[in-house]
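Two complexes are shown next, each including subunit A; its partner changes from subunit B in the first to subunit C in the second.
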Partner chain A sequence: MSEQDAVAMSERAAVLDVQNLRVAFRTGRASTQVVDGVGFRIEPGQCLALVGESGSGKSVTARSILGLAGDSAHVSADRLRVGSRDVLTLGNRQLRAMRGADVGLVLQDALVSLDPLRTVGREIADALRLHTRLTPSERSARVLRVLADVGVPEPHLRARQRSGELSGGLRQRALIASAIALEPPLLIADEPTTALDTTVQEQILRLLERLKSEGTGILLISHDLAVVGRIADTIAVMTDGRIVEQGPATQVLGDPQHEYTRLLIRAVPAGRPRGTRLAPTPTPAATAPTAQHDRSVGSSPKGPESSDDTRGGTISAPSRGLGGAGDTMPAGSAALEARGLSKSYRSPDGSRRVVVDDVSFVLERGRTLGLVGESGSGKTTTARLALGLTAPDAGTVTLGGAPWSILNERLRRPERRRIGAIYQDPLGSFDPRRNVREILADALTSGRSASGAGGRAALARSIAELLDSVGLATALADRRPLHLSGGQRQRVAIARALAPDPQILVCDEPVSALDVSVQAQVLDLLDELQQERGLSYLFISHDLGVVQHMSDTVAVMFDGRIVETGPSADVFARPAHEYTRRLLEAAPRIG
Partner chain B sequence: MTFLADAAGSPGPGSAGGAEALHSRPHERGGGVWRAVRWAATRVAGAVFVLWAVATLIFFGIRLIPGDPAEAILGGPGSRATPEALAQARAEFGLDQPLFTQYLHELGRLATGDFGTSYALKVPVGQVILDGLGSTLVLTVISLAVAWLLAIALALWATRGGRVAAAVSTVLEIVAAAVPNFWLGTILILPFSVGLGWLPAISTPGIPGLVLPVLTLAIPLAGFLGQLMRESVLNALDAPFTVSARARGESETGVRLIHALRHAALPAISLSGWAFGSLISGAVVVETVFARPGLGRTLLNAVLIRDIPVVIGVVMVVALVYIVVTIATDLADRIADPRLRQQGGDR
Partner chain C sequence: MSGSAGAPLLPSTAGTGGKPGPGRRETDGRASGTRHLRLILGHLHGGEIVAALVLIFLLVAALAPSLLTATDPLGIAPADAFTPPSPRHWFGTDESGRDIFTRVVYGARSSLLIGVAATGIGLVLAVILGSLAGLGPRAVDFGVNRLLEVLFAFPGLLLALLFITIFGPGVATSTIAVGLATAPGYARIVRSEIRSIRGSGYIEAATVLGRSPAQIFRRHILPNVAAGLFALATLGVGQAIVWAAALSFLGLGAVPPAAEWGAMLSAGRTYISVAWWLTFFPGAFVVLAAASATVLGRGLQRRNRER
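Up next, the complex of A and B:
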């Protein structure tokens, strides 16, 4: 067999073969190149991971493979083959015949990726209805088999439920079932585990791994290197529409060649000691007044060696942040203490559901208490109790030794400035009609307008200081939140929380909606602010890596209770509780 | 995979239990019945309250119109009734009693379903209403159905036919939603009846007589519903689940019919209760324009000649129909959107 034949053979064997794929979107007369010369191939039983941050063009690449890039997209390629089909030459009818049968697509979040008005059984059966001549009863039998195959217990019950009635893990399995009902040789999974809890993510990854071992070729699209490292054979790192590095997973993760890959790997907080910087330089580009800045970090990385060393590596926890601004309490004393907190809510059917159950913790001054747990474990309710936004059924919260939860709101309101909060989605917490300056002015003056020229000048100075302290350019003050990037919005949210000069910040999933590199910058910023101002953080996250990186003390929440608490290093090194161990095992990490 | 074992073991329950299986507890089914009973009880209590409020408002409100009801009984101001005849008529209809006593009497009669006797026609009001109700219900129900069909067609065309269709249908919807019934009725009569002579200008029994009145009522409503649906069709076509459907090999038509249309129907169903109310008030105008017998015309005449029992009776029946339709749309909402059933909350 000649060499050419061998090449031809292997080309025939590929389930997906892409060469020099280019996608441009036309809006009016302007045209934007979103994917610029991307190429890769996937063979049966192989998994290629396309890694990049939002806007890198990875999802458009996936849609183009299915011929679903949209009417305004101009797709061209030297080669775009799914199995033996040349996608670019296919007509609409042939494309439809290919979708579902030759390629399956799994999107993020089955809650909205399966029709919420239809049962998952019907959604799965649709694939069979479109591509086979099975009778309805044969189809439902097949649906049950596929559901059982992806590990859905009691498939005959689940098939009759809708995505909203299923738990996160089950509905994601159902979504996968709808994509693989016809056993397509290629599965495209676009962020299939994003927004899932750690243990559920682990189950979904295991399912994908099994499909792979059974011979399905998988194109895995993700922003999360740690997730990808778990199952990918090959990793392609994508930014600004180009693949900047492609190679075997172990090589890309272990010995990254391209600067952007290194930046992504460094940004992963898991296993990085408390106090080490995650982003390259002390929030360098953050001041650039463009909404695209978060993305552009990768293409123009600042000095590579300027990171850990500028900080002198790890800072020993006990010495951190003591004697910060406005500190009137002795070092190490409790900034916030919760004792025996309980809270229950009534379900629609009349029964009571205990959401927080006898929770106690101490947040020491200038330290970070990490609260980690999966969705529904009671973390956010605990945050609301700590903020005095919800009254506990039992137990008390004290703020700096003084009563807090038992105060009535009239007495509590003047004290509210002592404790601030930032949330996962800052956009929803801003009035969309106000610009950054107005948002911060409100927070600084508690809604009263500044009086006199002197007052206004002082206000303008305070706003400039606040923006500076969170690494935002003053020019951004005139922008509305909608026109800021995700990272910039979260910085504005932090600035707003800092405006009344609080001693405590409650951070509820503050980085969960951000890209890894932006997340790294925001975490670094929080770290800096803590040291400068002696802030105490109640840091809530479902992400073990983030919590480990940020916390002095960790409390693990499960089913409304704190099942384990202790110094961060101890809990992560020697988890005592069974649930903590399970969480740690499920957490994907690099290396 | 041990959890797969019990999948085969447990028998499938009825469909009612299946929907709630994720959150099921032993008492779940009983709780569902209790919830349904409570829901029904709230509705009935609400309906009774609304009917009482309507009766009260009408009873006192109609007395604000100047003139003597006794004159109306005797044939209107032109009848030149003697004072004795007026006094006798007052005594006969209880109009000489104190107002509050009359009110209590009226409530008592209404509670037993007795609407009294028409002043002008001297026949039981129940009979008068029954004569008109059927004709009006036929008109409004058909109009609602036609409005829905037009709205669906308009929404599908607007989201399918490209930019021209979108622009044209937007204009159509706005114009349709903005034209008043009485004007539209006249405008339709001119070409189709007067000009072409295809359809009767005055409503006659049978289908041809229904066409123009129905269109007059349905077109404005269709414009309104169409706008609503087009928005939701576009939202649904942007949703991730339609991407999943297309990636499964679903055609554009399939995506619209199976997925988008159902989502688009939800807000329109919720508003259909209100729409039905507006159709009934529109029927007053349309029945007058097309000289069509029905409750609307009955009501208008009764108000003009101060036939108080007929006015109260018609308004009560219309209120009752409105309540029933509202409950029906609420139920339809729950059928179309399973998420409402699951939450178990009243909207």
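Up next, the complex of A and C:
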């Protein structure tokens, strides 16, 4: 028996064996170490989860295993074996033979990962054609079997459809089907459920669980500890290219040893009562030290134009917050009220599709109303109706008791400063030609330029105060949003929304695009601002944990209707509606 | 690239902004303009430097031709007719003994003027039409689109010829004609740019902040359209120069005794077998000018994309 055979014998059990993997990227003369000494082992029927935030090197690790790290990457390892193959010694042809047959890959976005011009059936059949000697009819039989295996209903019908014609969940299943068509012993899933709704995510996780029980080894890559907790046997926590903690899932989640793991677990909002901080320090390291934070914020920055004018029809009284916002009302009165809102759009085939159907809710002053639901449930349309960007077909929106949705846009425009908005994609909401200072100056001055030295000095002060109130250093003012991190961008977006000193903020999925720890900081910031300024939030999210943590009242949306509404604690503890129960059951959580 | 392109932004902002802060408010348009220019000039390479030098030479020729040559472009010296290129007459002389180098230098003015003015006319028309289509109601969009399609059906030069036939030949009419002919292409681009900008998040954000449509158009839509259009216009100037020369060559633009590249080509055509320099040098300059504008335009376009 040769030495090589002996090694093969002892390692037979592992479908993936990585030791001291190092990946560096070269740009010009500089070289960046992206993966620095990573090692793990996966045996058949085992799932190892690689958990980390964006930039931690987890995706690069996965790519290196497939030999897909790219030309500018320098990959080295003491051992990098997929089954019995040593990946580092393989040529391109052998790597191609390995991919698909020995390793299947499932990526996050099935819409881009599947060719939009080819049918799902052909996509799967391709893998079979390249790697097996099956006849065409055997191939199509196999395609149907695999599709049925991953739980696609009516596989013979679906196989003839293109990826664009399938729903998100079906598409992701089709992608998994193409990855497992050759029954590879190892499946690498890179954020396989990140873009999916809670209930669909649940289905995909169940599918992965089944594959695991059938003996497939799974390398699951995710930023979401809750998802990972569902199916992983082993969890490896990665940050800055290193694995800082690795161990059995229950142990890592239940009794985290490393500081970073604890930070990640603490940042998960699910089950954390309202008002508790998610991020460790009040001022995150990335942002500036803020002087006399509370006072300077409490006096609320104002543009030269904005004054404390009280409008007719509103009652002036101290609010729950410290700051004196323009129009103040006692906590508990309605800041925004929607009554019987309906909106439908014409579909391409001429029929009308009802997107929002008889929706009513009350957003109380100084409180948060959480609007939760899956994609297509009408959340964003409801937000647009509340903001007066779309006119409802029926029903009304009133702002602090005064008419809002029925106003003519010309009359509504001067009132718009009372209600602001922040979005899921802050970068897209900034004019790409402007830097942070210009963005904020524009929001502060109602689009007019400040006049006179006094006006300009006041504007500079207001900008500094705004940046300070969202925990950003004044030095960032000269940057363009493109050169800021995701969390910083969302902070700038919040600062801009605060500039006209609004009473209400509509937050449409404000943290969905952020890493958990950054999400925690932004949620903490929103909480702080609410207490300081007595803001009312209409908080929209698909993430139950986030909504639970942020909301006083929750409204669950399904198919354009609010199916359940009530105090947050009640709805989450004793869901009354069938759909709410289903949502809650599907939501993965730690512990 | 984006990193290195972004880096010089910061010091230059601090430098041009003077005291950072409110002072920038009123001047932000201009300040970002100079920032833009620095960014462009700081990163020229290879062919772009050559192209920039050629254009600078042409610009000097157009603005102050007497700096480059002391001779009169119209001064006749029959005794010197058909002198081949020599140290005394770099580009030789034509049938009347006029110095061709001098005439090429003087010709730069009308060529550049026609090129720039025609492109300007085209852009203004395009922004008007494109904005109408991009922002107006569906019926207006439909109408403008059909109009553009009809204009597209004619080759540009044919459209220019049609215009000249109606309004008579001359430098002014040929400039307008070329401008008209280039407008539909730009208008299409303006329309689609506006469409995509109109649906973008920052327009909605501005609406939520209570901005009027006029403010949004002036402060967000127009500047963002202009950024892309500027690069394209540089490309267009080269094209316009060629078209203007073509019209003069056909005798519909500048008329023969005047020093204009197209007209010189036309006049020299008769002697092409005996005196190649009569046509070669004006022709070479048409090519040089157009190529330089194109090279620079492409460079700008690439940078625009990378940003």
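Observations
In this section, the second predicted complex is superposed on the first by the 542 of 591 C-alpha atoms of A that agree within 3 Å, B and C clash if a C-alpha of one lies under 4 Å from a C-alpha of the other, contacts with A are read in each partner's own complex, and residues count from 1 in each chain.
To be clear about the criterion, a contact is a pair of C-beta atoms (placed from the backbone, for glycine too) under 8 Å apart; a residue touches a chain by one contact, two chains touch by 3 or more.
Model, not experiment: these values are computed from the prediction.
The superposed arrangement places subunit B and subunit C next to each other on subunit A without a clash.
Within the superposed three-chain model, A:457 lies in touch with subunit C and out of touch with subunit B [touch as defined at top]. Shared-chain residue A:416: touches subunit C; no touch with subunit B. Of the two partner chains, subunit B is the only one that A:156 touches; subunit C does not reach it.
Within the superposed three-chain model, A:438 lies in touch with subunit C and out of touch with subunit B [touch as defined at top]. Once the two complexes are overlaid on the shared chain, A:96 sits against subunit B while remaining clear of subunit C.
Contacts of A:206 after superposition on the shared chain: neither subunit B nor subunit C is touched.
Once chain A of one complex is fitted onto chain A of the other, the partner contacts of A:113 are limited to subunit B, with no touch recorded for subunit C.
After superposing the two complexes on their shared chain, the closest approach between C-alpha atoms of subunit B and subunit C is 5 Å.
The residues of subunit A lying in touch with subunit B in their complex are 63, 66, 68, 96-101, 103-105, 107-109, 112-118, 123, 126-127, 130-131, 148, 151, 153-158, 160-162, 164-167, 175, 178-179, 348-351. On the side of subunit C, the complex with subunit A involves touching residues 2, 6, 9-10, 13-14, 20-26, 28, 32, 200-202, 204-212, 215, 219-220, 223-224, 227, 307. Within the complex formed with subunit A, the residues of subunit B that make contact are 1, 3-4, 6-7, 10, 12-13, 15, 18-23, 25, 28, 31-32, 35, 239-241, 243-251, 254, 258-259, 262-263, 336-339, 342-345.
The part of subunit A that touches subunit C in the complex is made up of residues 387, 389, 413-417, 419-421, 423, 425, 428-433, 435, 437-438, 441-443, 445-447, 449-450, 453, 455-460, 463, 477-480, 482-483, 496, 499-500.
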